[in-house]
Amino acid sequence: MTDQRSQAEIVRKSLKRRYRTERRFRLYGILAIFIALASLFILFADIISKGHTGFVKTTITLEVTLDSGMMYLDDPTDKDQWSSADFKAPIIAALQAQVPEAASAAEKRELGRFLGTFADSEIRDLLTKNPELLNTTQTIEFPAHDRVSVYVKHADNPRYSIKLSEQQQRWVDELLQKGIIDTSFNDVLFSRGDSREPANAGVLGAIVGSLLTMLVTLAISFPVGISAAVYLEEFAPQNKLTDFIEVNINNLAAVPSIIFGLLGLAVFINLFGMPRSVPVVGGLVLALMTLPTIIISSRAAIKSVPPSIREAAEGVGASKMQVVLHHVVPLAMPGMLTGSIIGMAQALGETAPLLLIGMVAFIVDVPDGLFSSATVLPVQIYLWASSSEQGFVELASAAIMVLLTFMIIMNALAIWLRKRLERRW
Amino acid sequence: MQTSNLLPLILVLAVVAYGLAYMRSRAVAAPLGGIRNLKALPFYYAARAALWCAIPALIVLAVWAGFEGKVIQGIVIASLPQDTWPESAGQASLILSQISNVAAGSLDPEFVPEHIAGAASLLEAMQDKSGNFKAILVVLIAVLGATFAWTRVAPHINARKNVETTLRRIFFVCAALAVLTTAGIVFSVFLETLRFFDRVPITEFLFGTSWSPQTALRIDQIGSEGAFGVIPLFTGTLLISAIALLVAVPVGLLSAIYLSEYASKRMRSTIKPVLEMLAGIPTVVYGFFAALTVAPFIRDLAEIVGLEASSQSALAAGLVMGIMIVPFVSSLSDDVINAVPQTMRDGSLALGATQSETMKKVIFPAALPGIIGGILLAASRAIGETMIVVMAAGLAANLTANPLDSVTTVTVQIATLLVGDQEFDSAKTLSAFALGMLLFIVTLLLNVIALKIVRKYREQYD
Amino acid sequence: MNTMSPSISAEADMQSKGAAVPVPEHKRKDTLMEDKPEDTVIEEGKTVGKPFTDNPKFKLRNVDVSYGADRAIKNISLDIGRNEVIAFIGPSGCGKSTFLRCLNRMNDSIEICRVKGSFELDGQNIYESKRDVVELRARVGMVFQKPNPFPKSIYDNVAYGPRIHGLANRKSELDDIVENSLRKAGLWNEAKDRLDAMATGMSGGQQQRLCIARAIAVSPEVILMDEPCSALDPIATARVEELIAEMSESYTIVIVTHSMQQAARVSNRTAYFHMGHLVEVNKTDTVFTSPQHPLTESYITGRFG
């Protein structure tokens, strides 16, 4: 018994040191979780801080006298006059009226550079549509040039460099005070496609492109994925071929996405001669990429249907196919849907394979079909993020917020489905 | 007629076939005393008719649509005057794009040589003809199929068996698609890789220490031949992946341990999904974060301590990639740690071990194979990751181990070599496929090994 | 051990009886309560026999354990004497394992588990907040239902406890502890030549004796055994029972068992649990020859269990 006593003494003495180790170990764990959560938080905070200004546009609102003499234009419907007409002159005149200080020709030119590049075509389009407006005075809102926009929105932000001279800054301040230059919700972002100029660029083209691509992906990967899962779980015989298929699916799930881009390039575009940059090819590639995810989750859903259901159906004389189609698949459907939504969310955020099949082209028009050139949201983000114009950084962040919103909605839907529809056996 | 219009047409035909066969089966059954005297329910006769109508037509349509482009291109090229025949595949694709631009109306026929304009009108005519012929053929096959099935609505035929066999075969084809995809990857990438090795010896590719794929555009042009040594790309990839794993493994593993051993149920159920969000964020977002926030931050930080960092440092890409794969490591570790039976924990705790002693000396060694498998999977993720490195790592193929330097990776090179128009016979373009092959083999090996380890580990405790 | 073969057949007999009446457990209890007037009332906290001893190792008073809303142990008071072997018997789900796990606070890790009452080990309350659970468990070892050797070598398994507690200063001391423990567990002759072999490669009986050796290696004062033989074959069971008899000289042993024969063979005292109540405690002979409570009698005569 003395043995036991002395041992207990040793144990007691060791306790302090051991509990220190214990606390340290626990601390490491908390630290690790903290690092992960903090990274997530910083990532979101960074994107929101960079991107919230993307939802704001800077405009210049002017009362423009559409004087035909000033524009060298008699008949706005006559296309031949367009090339010689000066649609910008009345805008500059209106702007100069607000900044009387700018009198010289050089200073007027500088004023003109406050306006976005497409200000004159806006006048032209207006007049073409409504020729009767010639020689009237209209209040028109123009997008401000990136230089002005950066100054108005980010004057205090050291990350941005202001490209206006001090005189110009004074003018802008003056116009801001008068309410000529103003900021408002950036509706352009949601109503336009890409553009060379940040003030005219929007994500609508990319959103539509993403939707079209996802449509193709869903149309292929969902039925095929479910059928494959049903085959493997219910019909596949135990043989080498089945094993081979299973190994293939498991490995495909871990193949880097860019490899699927190579496949799409070599097979769909090169071999089959399909066009580049179109949602159909993008959708096909992403479908092949998401198939393993959908198959694996659908198999799990089928596995969770209890055998008693099958036995009950077989007991009344249903054929194997009837058991599967009438009972197993409907019961497994919530799980299958959840897996598919998660797979689709993955596909929605995928960029790399689409770069290789040409969906990275600069496309202004909103795509109008599965075979029209398009880009997708993540690629648009990539394009803007690597652009040199300062205004595109905030647009890229804003587009990220749009993309993340879509993904959060999809994931929330998946979670809701799982909670709502999944049966507990 | 466009393929996209033919699809709904086939569907409509199938529905019609379904309806007709359904009515016919009832009509056949009526004199026999009702449908109970049929071998199968009317539904199955109808379904069989719909399948007979749609499937052969769809197969023909798919084959036709798949190859019509290539065939027409061949015919158009062959129709060109012999002296203007393209000498290389690259030239051919240039001429073809010119022709199709003219045909599509985006290029004025007046601006191109006469033979091109002629070819363009031929292309248009061929496309028209092919479209019409395709439509007629497909509809004919659909109608024939449906008619055949319609004549076979008879009481002694068990349509259910037919339908079920067909469905089962369709299911099988869907499952086999995975094999087809793998085969597609292997063959397409492999063939281009072989063509690449015709130009550049495989030994130079595998053991060369310099990478600069900019070859001369034309043969007569004077310029660098280009160097295709993959070693600097490989070391760059390994450097970034190593940094990523240095972040992800401790953070992922320790948080998995904390969550499974220490955290309360409530804490676990809130923190786990939040951690998993990290895996759901698109990689392009991480790339943006790495390139525009982390990389400048690291550069400034290095300047403060007197080091020189590239604005596209391997460290920035690696750190962000590490954060991205934390959830892979943590959820896989979590799985394997939970697979260690509770009796092990009890056994150790009952001897008076503290929780950390139990974790470090019993659970962790027991879970180690599974954890290693998980780390290998994460490594294969890191090696194959593209967007973060495309945006945050550089293009210069430096052979360096300095994390503050700029390096390039296999995936970055694939992406840059293949973005935009490529000629399919230049060593530059083909090298991207060789890189892809390499990437595929390496990640496949890692995955196979990892899955084997994990499976073996699972069996141990089953 | 000469009584071994008949006792095994009796046990098998009883199990088959139990299996022949597949009544759901809750129903079974209900019908018992209604049909047998002598069983209807178990007065809470009232234990028949001699639950208390002089100078006990464990002094347990008014113990109450609940899992969430379920009350698993209902107001139990009991003494466990020094160097005695006490057996806990009773039908499944009666709370005997729960009670056992309270004695070295193995229930701590179950979040919903609430333990009330006083638990004194040598006069000190083991549930006091400043009392250390690690130290407690070093003094009160445990052997589990299923053998649970660590996936390490035989040597490392036995050396695990001494290592974490720092009981050996030198390798030779550790070797001695391992050898002594294996000897006490009757495993030395089988294991001495393969100390580096994986413990998971041993037979079930050997594994369980290894677990006992692992527990002994820390030199505990009390060893708790939770149905230590339920996963073993009869011959391995016999070896373990022999071992328990030998160990009773130096340790206090608390054993939970499903087999009344085992309780009769190895224990000095026996406690009968029923639905969370401690119904009867007495010398083992007394419990099995002249049980005082009708429930105890029903159980040992095989009317349920």
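Note that the chains take the letters A, B and C in the order they are written out, and that residue 1 is the start of every chain.
The working rule: a contact is a pair of C-beta atoms (placed from the backbone, for glycine too) under 8 Å apart; a residue touches a chain by one contact, two chains touch by 3 or more.
Owing to the predicted nature of the structure, the values given are computational and were not obtained by experimental measurement.
Asker: Based on mean C-alpha positions, I'd like to know which chain lies farthest from chain B.
Answerer: The chain lying farthest from chain B is C.
Asker: From the Cα centroids, identify the chain that ends up most central relative to all protein Cα atoms.
Answerer: Here the chain at the core of the arrangement is B.
Asker: For chain A versus chain C, what separation do you get between their C-alpha means, in angstrom?
Answerer: From the centre of chain A to the centre of chain C is 62 Å.
Asker: Roughly how many whole angstrom separate the Cα centroids of chain A and chain B?
Answerer: Each chain reduced to its C-alpha mean, chain A and chain B end up 19 Å apart.
Asker: When the centre of a chain is set as the mean of its C-alpha atoms, what distance in Å lies between chain B and chain C?
Answerer: 58
Asker: Quick check on chain A: which residues sit in contact with 2+ other chains?
Answerer: 11, 18
Asker: On chain C, where are the residues touching two or more other chains?
Answerer: Residues 134-135, 138, 164-165, 218.
Asker: Could you check chain B for residues that touch two or more other chains and list them?
Answerer: In chain B, the residues touching two or more other chains are 352, 354, 357.
Asker: Enumerate the contact residues on chain C facing chain B in the complex.
Answerer: It is residues 104, 106, 109, 111, 134-138, 141-142, 144, 146, 148-152, 160-161, 163-165, 211, 214-215, 218, 224 of chain C that touch chain B.
Asker: Which residues of chain A touch chain C once you look at their complex with the stated criterion?
Answerer: 1, 3-4, 7-8, 10-12, 14-15, 18
Asker: Okay, in this complex, where on chain B does chain A touch?
Answerer: Going through chain B, the ones touching chain A are 2, 4, 66-67, 69-70, 73, 160, 163-164, 167-168, 170-172, 174-179, 181-182, 184-185, 188-189, 191-192, 250-255, 257-259, 262, 271, 274-275, 277-278, 280-289, 291-293, 323, 326, 330, 352, 354-357, 359-360, 377, 380-381, 383-387, 390-391, 411, 414-415, 418-420, 424, 432-433, 436, 439-440, 443-444, 447-448, 451.
Asker: Touching chain B in the complex: which residues of chain A?
Answerer: Touching chain B: residues 11, 18-19, 21-22, 25-26, 28-33, 35-37, 39-40, 43, 46-47, 50, 223-225, 227-228, 230-232, 235-236, 244-245, 248-252, 254-263, 265-267, 270-274, 288, 291-292, 295, 319-321, 345-346, 348-352, 355-356, 358, 360, 369-371, 378-379, 381-382, 385-386, 393, 396-397, 400, 403-404, 407, 411 of chain A.
Asker: Tell me, which parts of chain B touch chain C in their complex?
Answerer: Residue list for chain B touching chain C: 264-265, 341, 343-354, 357, 361-362, 365-366, 460.
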